[in-house]
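Next come two complexes built around chain A: one with chain B, the other with chain C.
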Partner chain A sequence: MGNSFVFMLLAVIAVGSAIGMLVSRDAVHSALFLVLNFITIAVFYVVLNAPFLAMVQVTVYAGAIMVLFMFVIMLLGAERLRGMWGDRPSELVFAAFLGFLLVVTFLIALVMEGKTAVSANMIDSSPVALGLRLFEGYVFPFEVVGILLLSAMVGVVILTISNKRGKNV
Partner chain B sequence: MTPGQIAIRALIVGFSVSMVMVTGFAYTTLLERKLLARLQHRIGPNRAGYIPLPGKNGGERRLIKGFLQPGADAVKLFLKEDQTPAGVDRFVYNLAPMLAVIPAILILAVIPWAGEITIFGAHFAPYFAIAPGLDVAVLYMLSITSIGVYGVVLAGWASNSKYAILGGIRASAQMISYELAMGMSILIPVMLADSLDLGVIVSQQSGYWYALHIPAAAVFLLAVMAELQRLPFDLVEAEQELSSGFNVEYGGMRFGMFFMAEYMKMVIFSAIAATLFFGGYRGPFVDQLPGLGFFYLFLKIVAGLCMLIWIRASFPRLRYDQLMAFGWKRLLPIAVLNFIIVAVVIVLQQEGIIF
Partner chain C sequence: MDFQPPIINLLIVAPLLITMGAGLFLMLLNIFCKRDGVYYWLTLAAIAAALVQNVAMWGHEYGTFIARGSYPMVVSDNFSVFLNSILLLSGIGTLLISRNYLHRTKLERPEFYMLMLFSLSGMMMMGMANDLILVFVALELLSIPLYIMAGLAVSRDDSKESAMKYFLLGAFSSGIFVYGIALIYGATGATALPAVYAVLEAGSPLAMAGTAFLMVGFAFKIGAVPFHMWTPDVYEGAPTVVTAFMSVGAKVAGFAALLRVFTVALPAMSDAWMGALALIAALTLIIGNVVALMQTNIKRMLGYSSIAHAGYLLIGVAAAGQHSEAVGSVLLYMLAYLFTTMGAFGVVIALEHKLGEGIMLEDYKGLAKRNPWLSAAMLVFMLSLTGVPPTGGFSGKFYIFRSAVEANLWWLAIIAIMTSVVSGYYYLRVVFYMYMFDGDRTEPVYAGTALKTGLLIALVGTLWLGFFPAGWFELAYKAVIGTTQLLAGG
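Then we have the complex of A and B:
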C-alpha cells in the first residue's frame, strides 16, 4: 500500500517533469526539469532497493552532466528556443513516428517478457555485490566502455590543442 | 524497530541536528569575524552584548564582547527590504537561494556525531546519526555535494547581470574541476576502511588517523577549500573583478540564505574532514563514555574552522588561470597517483607480499 502510493507520486512527478522539459521554451527551465526528472528516477532506484545506483545516478547525471549542460547554455547564451512546434512540420511528423515506434517496441517487450517481473527484495544490490558483478561477470564490457570513453576524451583534447597550435603555448 | 519507529527517530534526530546547525552557523560567522580581526590586528565586532564578570578593584571584566552580533545580523537581514531587480527570471531567482541551502542541510544526514549511545532511554546503534548504517554514505555525501553547485549557478544566471553570470560560470567550472580531486582523495579512507559507511570509517580509525596519509588529507583539504569557494579560491565572488559575483543582485534574507549556505558548508565540511581523516567522534575514553563523542567532534570541527579562517587571513587570491591549472595539472594527478599507490599497497598487503 505504502509502496504503491510512493510509486504513484513519483510517477506523476517523473512524467510531469519530463513533459515540462519538452514544453518549456526556456533552455535553463528545461534543464531544471530534466534535473528533477533524474532525481525522481534516483528515488525510484531507492524504492527498488538499489541505493548505490540511486547515488550514482544523482552524482553523474544531475551533478555532473546537467551542470555541464547548464554551463554551455549559459556560456552560449542559448536560453531562448524556437516555437513549440519547431520551424518545419516534417520534423514533427518524424518525431511522432519515432515516438510511435518506441511505444510499439515497449508494448511488444511488455507482452513478451512482462510476466516475469523480479521482486526488488530478491536482488542483492549492495555496493559489494554490484562491484563483484561488474569486475567479475562483466569485466570485458566494462573495460570496453572505459576505453570508448577514454578515446572520446583524448579526441576532445586533440581537437582543442590543434586549434591553439602556433598561437600561444 | 519497525519502519515507522525508524522514521520517527530520524525525524526527531534530524530536526534537532538541523536546529543546532542553524544556530551553529550564526556563531561560525562570529568566530570568523573575531578571529580574522585578531589575525589582522583589529578588534572585530565588540558592541552587541557581553558577559559581565567581576574584575579587579570593584570594576567589571567584559567577556566575549559582541556575542549577540549574529542575532543583530539576522534581525537586520530579516528587516531589510525584499526587492527583486527588474528583468530577472523570477522563478529561478527565488529558487536559487533555496537550492543553495537545502543540499547543505541534506549532507547532515550521514555524519556520525557519536558512537553507540543511549539518550533519554533511546538506544542509538551502531552510531548516532540521522541515517545510521547507510552503506552508501560516502556516495550520498558526494552526490549531494555535486547538487550544491546549482544554487550558485542558477543565482548567477537568473539575476540577469553580467557580474552575476560571470560568477556563476566561474563557480560551475571551479566546482566541477575540484570535485574530481576531492572524490579521488575521499577514496583513500574508503579503501583503507574497506567500507562506504562513514561510521565504519570512523571506527576503523581507532588505531591511527587516516590523516597520516598526508597526500590524501592535503588534497582533500585543498579541494574542500575550492569547493567552499573560500580564499585563496574565492574567484566566484572576487570583489575587485565581479563586485561580489553570483549574489550581487540579491538582498535581505535571500542574500542571507547564500551566506547561511556558505557557513553551514564550512561547518559540515569540517565535520566530514574530521570524520574521514581525523578519527571523527573518536578520542580518549570515548568507548567508556560515549557522550564524549559529541565533544570530540565539536572540538575537531572548531579546529577545522579555525584552520580555514587562518588560511583565509594568510593567502592572497589566485588568478583564474592559476586556479584551473592548479586543479587539473597539480591536484588531480597527485590525487590519482596517490590513489593508485595506496590501492597497490593494500592489495600487496592482502596477498602477504609486504606488511
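Then we have the complex of A and C:
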C-alpha cells in the first residue's frame, strides 16, 4: 500500500473504463466496460486493505448484477443505440461544460485541502470486524435496508402483475 | 474481538416500529384476507397509534442504537416529534381523502396501504436520523414506495410516465446525495452528525463540495428550482391521493433532514450554505409562482404551487443559518401547509369523477351552486395558500418573513412578498371559476363521510392556525430548542 504508481495505474483504468462505458454505443460493450470498472474498484479495495469488500464487489457487482444486466439487454434486444451525439448535441455540449466545471472545482478543492486521503490502514476490515460493526452501531440502518428491499420487491411484483391484467382485459 | 451490543431503547423508535410492523403485518394478512376495507381501517389504526405514541414522547430527549463510545444512530427530540406528527397527520389525511377515490378508480389494493406505511416510516426516519448513512437509507425508504405508488395506475400512460420520471431523476439525485456523504466523510472521517460537527473546520473545500452535493440531493426531494423539473409531471400523472401524500409527506421529510443535517452537522459551513439556499429560495419563488400562472390543470397548478411553497420554506432554512429560532417558523409553515394542501387535494379528489378527469380549471365552473360547502372549503384553502389573513397560510408566511428580516435577508423577504401577490392571481382564479361562472357540469361530486371528515379537519386546522397562531408558534419554538441542545450534548 502507499504505492502511488499502482494507484495511478488503477485510476487510469477505472476512469477510462467508466468513460468507455458511457461513450460506447453498443450496450453489451458498455456492460463489459462496467464489469472492468467494477473489477478495478475491487482491486482498489484490496490496495486499501479491505480484501473482504473486494470479494463482495467481485461476486455481487461484477458477478451477479452484471449477469442480470446482460440478461436484460438480451431480452429487450436493446443492444444498439443511435449515433454518437444522441438526439440533442447542444445539451451534450452544455453537460460537458458543466462536467468540466465540476472537475475544476474538485481539483481546486483537493489542492486547497492539502491532505490526500483518509488513511485506511488503521481500520480493520476483516469480515469479523465488518460484521461486528454492522450489528453494533449500524444495526438499525441494517434492518431498515431489509424493509427497503422488501418494498422494492413488492413494487416489482405489483407493477408487473397489473401489467398482465391490463393486457387480458 | 467481542461483540458489544449497542444500547437500544426501542421506545424511541416505537412510532417507526408501529408503522413498519403494520406494513409487514398487512403483507402477511394479504394471504388470508381479500377484503379491501380491512386494510384501510388497519392502516388508519396503525397510523393513529403511531401518532399517539409519538405525541407521548414530546418533551423528552434521547437517542438510541448507541454503540460504545459513539453517538446515537436515532434520536428523538421535540423537533422530530413535531415533524413526525405532521407526517403522521398527512398519512391520516391521505387515507381520509382516499376512501372513496381508490375504490371508484379501481386502484384499491392491499399493497397501496403497505407501501404507504413503509414510505411513512422512511419519512419519519428522515427527521430522526442522526447519522448520514441513516439519512440516506431513510431517503430511499421514503422514495422507493413513492415511485411505485406514482405508477399504480398502470393502465394509464401518464401514471407510467410519472413513475418513470420520478424514479430516474430520483435515482440520479440519490447518487449525488451519496457522493455528498462520501465527500463529507472524506473531509471529517465521520458520518454521525454530531461527530461531523465536532471535527469539521470552517472552509474545508472537500466538505464544501460535500455540502453542495447534499444540498442538490435535498433540493431534488423538496422540488426546489433548478431541480424541480420532475414535479409538475409527476404530480399530474400520479393518482391524486398519491400526489397529495407526496406533496406533503415527501416535502416535509426532505425539509426535516435538511434542517437537521445542516443545523446539527454543518453549522461551520453556514456562511456558504446560507447564501446558496437564499439564492435557491429566490429562484424557486419566482419560477414556481410565475409558471403556475399559466396552468389550466389543477394538479399541475398545485404542483407548481408546491414548488413555490418550498421556496417560502427555504427562506426559513436559510435564515436558520443566522439564528436557530427561524427553524420554528419553518415548522409552523409546514403545519399550515399540511392542512391547506391536504384540504385542497381533498376537494380535487371529490371532483375527479374518473381517473384523470375533472381536474381541469374548467371543471370548477359553477361549483358554488352545485356544492356550496365544497366550494366554500376550497375558497378557504385557496386563500390560505395565497396567504390571506385570517388563515394558516398567512400566519406561516408572517413568521417566515419575520425570521428572514431578522436574519438580514431583506431582499429575500421582498421577493417573497411580491411573489405572494403574484400567486394570488392563480389561486383566486380557481375561486373566480367557482363563484363567477355558471357551469353546465352534471358529473357527480364524490364527497363521502371520510372525505368530509378530512376536509373538516383541514378546515379547522387552517382556520385555527390563522386565528390563534401564537400558541402554535410557541410549540414550534419549543421544538427548535431540542435540536440546538443536541448540538452541545451528544
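Keep in mind that, in the parts below, the second predicted complex is superposed on the first by the 127 of 169 C-alpha atoms of A that agree within 3 Å, B and C clash if a C-alpha of one lies under 4 Å from a C-alpha of the other, contacts with A are read in each partner's own complex, and residues count from 1 in each chain.
In this section, contacts are C-beta pairs under 8 Å (C-beta built on N, C-alpha and C of every residue); 3 or more make two chains touch, one makes a residue touch a chain.
The structure presented is a predicted model; accordingly, all values stated were derived computationally and were not measured.
Q: So in the superposed three-chain picture, is A:Leu130 touching just chain B, just chain C, both, or none of them (first/second/both/neither)?
A: After superposing on A, A:Leu130 lies clear of both chain B and chain C.
Q: When the two structures are overlaid on chain A, which partner does A:Ile13 contact: first (chain B), second (chain C), both, or neither?
A: neither
Q: Applying the document's definition of touching, compare chain B and chain C: which contacts more of chain A?
A: In the superposed model, C touches more residues of chain A.
Q: With both complexes overlaid on chain A, does A:Val43 touch chain B (first), chain C (second), both or neither?
A: Once the two structures are laid over each other on A, A:Val43 reaches no partner at all.
Q: Determine, under the contact definition given at the top, whether A:His29 touches first (chain B), second (chain C), both, or neither.
A: first
Q: What part of chain B is in contact with chain A in the complex they form?
A: The contact residues of chain B facing chain A are 89, 91-92, 134-136, 139-140, 142-147, 149-150, 153-154, 156-157, 165, 168-169, 172-173, 175-176, 179, 196.
Q: How about chain A: which of its residues touch chain B in the complex?
A: Interface residues on chain A, with respect to chain B: 26, 28-29, 32, 35, 51-52, 55-56, 58-59, 62-64, 67-68, 70-71, 74-75, 126-127.
Q: Looking at the complex, which residues from chain A come into contact with chain C?
A: 105-106, 108-110, 112-113, 117-118, 128-129, 132, 135-141, 144-145, 147-148, 150-152, 154-155, 158-159, 162-163, 166
Q: Spell out the residues on chain C that touch chain A in their complex, using ranges where they run on.
A: Residue list for chain C touching chain A: 1, 3-6, 8, 13, 20, 23-24, 27, 64-68, 70, 73-74, 109, 111, 114-115, 118-119, 121-122, 125, 131, 133-134, 137-138, 140-141, 144-145, 147-148, 151-152, 154-155, 185-187, 189, 204-206, 208-209.
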